[in-house]
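Paired with subunit B in one complex and with subunit C in the other, subunit A is shared by the two complexes that follow.
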Partner chain A sequence: MQRTFPLLVLMCIALFGYAPFLIAGAPYESTMGLVQKIFYFHVPSAIAMFLSAFVCGIASAIFLFQRKPGADRVAVSAAELTVLLGLIVLVTGPLWARKAWGVWWQWDARLTSSLVMWLVFQAYLLLRRFGGPGSDKLSAAVALFGAALVPFVYWSVNMWRTLHPTTNVVPSLPPPMMGPFLWCMVAFLALYGVLLAVRVALEERRARLDTLYLALED
Partner chain B sequence: MTLKTIVRAVSLAFLLVVAAPAWAATQPPASQEGFVPVDQLPTDEEFPATPLVAAAYGIAWAAVLVYVWSVWRRLQRVDRELAEVARRLEVQRRSTGSPEAPR
Partner chain C sequence: MSFFSTALLVVRKDLLVESRSREVVYTALLFAMSCMLVFAFGLVKEGQVVTDAAAAILWITIAFAGTLALGRVFDRERQNETLRALLLAPASRASIYVGKFLGVFALLVMVELVVVPLVALMFGARLFRHPWLMIGLLAAGSIGYAAVGTLFAAMLARSRSRGALLPVLLYPITVPVIIGGVRGTAALLGPEADLAVARAWLMMLVSFDAVFVTLSLWTFEPAMTD
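== the complex of A and B ==
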């Protein structure tokens, strides 16, 4: 991991460094024009958020049923990243909607379920911070519910009538738009990998610190 | 009612019908008595997309950079604390003569 990490960081910098050129060179969408270019950060950050929620949910399940402390460290790191990526999604979305729909926010199925999912992971972090002893298990159960929300959020645009574009938009992108989108997708996934590795390293050092404190008290 | 009176009345009515629009056109528009809200801005008054796109990319980058800075600070703090506790353990180990400190 220590060898591949600098490589991953360099790859991340290169991907995000070249992304603005690709986004600027991508064609304008016929009805939305320039504002559609928010899509190239909005959707990849949303997909990374879904991935992060799944990672948190799976790690929490492993922690709950197998009592592995390493899984708990991954879960808390992934929960924090879910909140960060969710913040990007919930900010870039309304900025796009203001121009595309004429309003900042609509209480439709996709937007509301995304907000609820983001709040669930906020609740996870609040529980971890202020829940006291035993809050790790309680928050792991909350993470399971948060991860279970992901399919509902993803398919909400197909199940209910919403203003939000459906999931058919990405597969039907023309090649000049698909290229920059996939580039940003890889960039966000690489960024997620880097941030998760750093955040887990922080949790591992905290665990080591706790062990040292216990040894000092003994 | 004489014919003369009828002619006068018809002439006056004709004058009013013909002259009234011309007279009205020369008057200033009536003062606005109140505001009428609408849901949608006229297209020529909508603000351009550039600030929205710039804000979206700016906020996304700022969020990531603030997060990286926050994790870096927390790592620094934990590393300092680790070094301090390891030093105290070493002192304790030497004073009690125990074999080794936990890793």
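== the complex of A and C ==
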């Protein structure tokens, strides 16, 4: 881990460093023009957020049913990253909406359900910090409910008529837009992987430090 | 002892305790009425109720009163140090959960029995025009809300800051149920009741109930084991 880490960071810097050039080179969308380029960061961060919520949910289930402390450390890290990525989604979304729809926020199914999911993971972090003893298992249950919301958020655009575009947009992208999109997708997933690895490593050190303190007291 | 007889024993115990003091029912009802009073100031303009406000008032009142009841139901177990005894009983955790859930559901139904006619009366909402769909929406909404609420209230019973944390956890998770209830009820209340929309929301609520009850039953046992 420690040896491959600088390499991974360099890869992320390269991916994100080259992304603006690719995005600038991509063709303009016919109706929205320049503002559509937010898409290249908005959608990949949303997909990374969904992935992170799933990671958190699955790790929490493993922690709840098999009592593996390692799984709990992955769950905490993934929950924090879900909130971070959710923040990116919820900042880039309204910036785009202001230009495309004329409003910052619209209470449609996709926007509302994304906000709800983000709040659930905020509640998870709040519980971790202020819940007191036993909050690790409680928050694991919260994470399961949060992860259960992901499919609902994803398909909400296809179930209801919403202002937000449906999930058909990505597969039907023209090739000159598909290239930069996939590049950004890889960049966000790589960033997610690096951040998760760092965060889990930090949790593991904390846990090791705790056991050392306990051993010292005995 | 079978699963359901254990669950029924737990409900019977809870309802018996409640029928002796009637603390939770009275507090929740009074709270629900004060809640409606507060909404009346925000959502009534020049003597006219804002469109769809009655549906929102009804469901938010039920949700708020439900939170109050949930907190008290488990506070009682904690104050009398009976939560541990209950968990130590030679019964499956899931059956204890089902018993507690049925008790909370019964409390919600009692609150609804008073709040629904009151909202109909005070906000001029025609809630009884399609009684069966309305009952379906209320039942499905209460089941989902009570299922998640019971799980989190039980787990928070031992936590220090449970009073503040329960609403923070409960509202984002149960918001799909509240949305389904509000939209379904609003579809019934318009000048022309939109039965198809109300049925669609009822189906939505039932599917959420299935997810919530399954997840709660599944997590209650490991989450309540030390």
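Miscellaneous remarks
What we mean here is this: the second predicted complex is superposed on the first by the 216 of 218 C-alpha atoms of A that agree within 3 Å, B and C clash if a C-alpha of one lies under 4 Å from a C-alpha of the other, contacts with A are read in each partner's own complex, and residues count from 1 in each chain.
As a working rule, a residue touches a chain if its C-beta (ideal position, glycine included) is under 8 Å from a C-beta of that chain, and two chains touch if they have at least 3 such contacts.
As the structure is a prediction and not an experimental result, all values here were calculated from the model.
When both complexes are overlaid on subunit A, subunit B and subunit C end up sitting side by side without clashing. For subunit A, the partner that touches more of its residues is B, with subunit B and subunit C as the two candidates. By the touch criterion defined above, A:41 lies against subunit B but remains apart from subunit C after alignment on the C-alpha atoms of chain A. When the two structures are aligned on the shared chain, A:82 is found in touch with neither subunit B nor subunit C.
Look at A:201: by the touch rule set out above, it reaches subunit B but stays clear of subunit C.
Touch criterion met: A:130 reaches subunit C, while subunit B stays clear of it.
When the two structures are aligned on the shared chain, A:96 is found in touch with subunit B, with no touch to subunit C.
Shared-chain residue A:156: touches no atom of subunit B or subunit C. Of the two partner chains, subunit B is the only one that A:213 touches; subunit C does not reach it.
For the overlaid pair of complexes, the smallest distance between C-alpha atoms of subunit B and those of subunit C rounds to 20 Å.
In the superposition on the C-alpha atoms of chain A, no part of subunit A is touched by subunit B in one complex and by subunit C in the other.
Listed in rising order, the residues of subunit C touching subunit A in the complex are 148, 151-152, 155-156, 158-161, 165, 168-169, 172-173, 175-176, 179, 211-212, 215, 219, 222-223, 226.
Residues 20, 33-35, 37-38, 41-42, 45, 84, 87-88, 91-92, 95-96, 98-99, 102, 191, 195, 198-199, 201-202, 205-206, 208-209, 211-213, 215-216 of subunit A are the ones that touch subunit B when the two sit in their complex. Remark: subunit B residues 39-41, 46, 48-50, 52-53, 55-57, 59-60, 63-64, 67-68, 71, 74-75, 78-79, 81-82, 85-86, 88-89, 92, 101-103 touch subunit A in the complex.
The part of subunit A that touches subunit C in the complex is made up of residues 64-65, 112-113, 116, 119-120, 123, 126-127, 130-135, 137-138, 140-142, 144-146, 148-149, 152.
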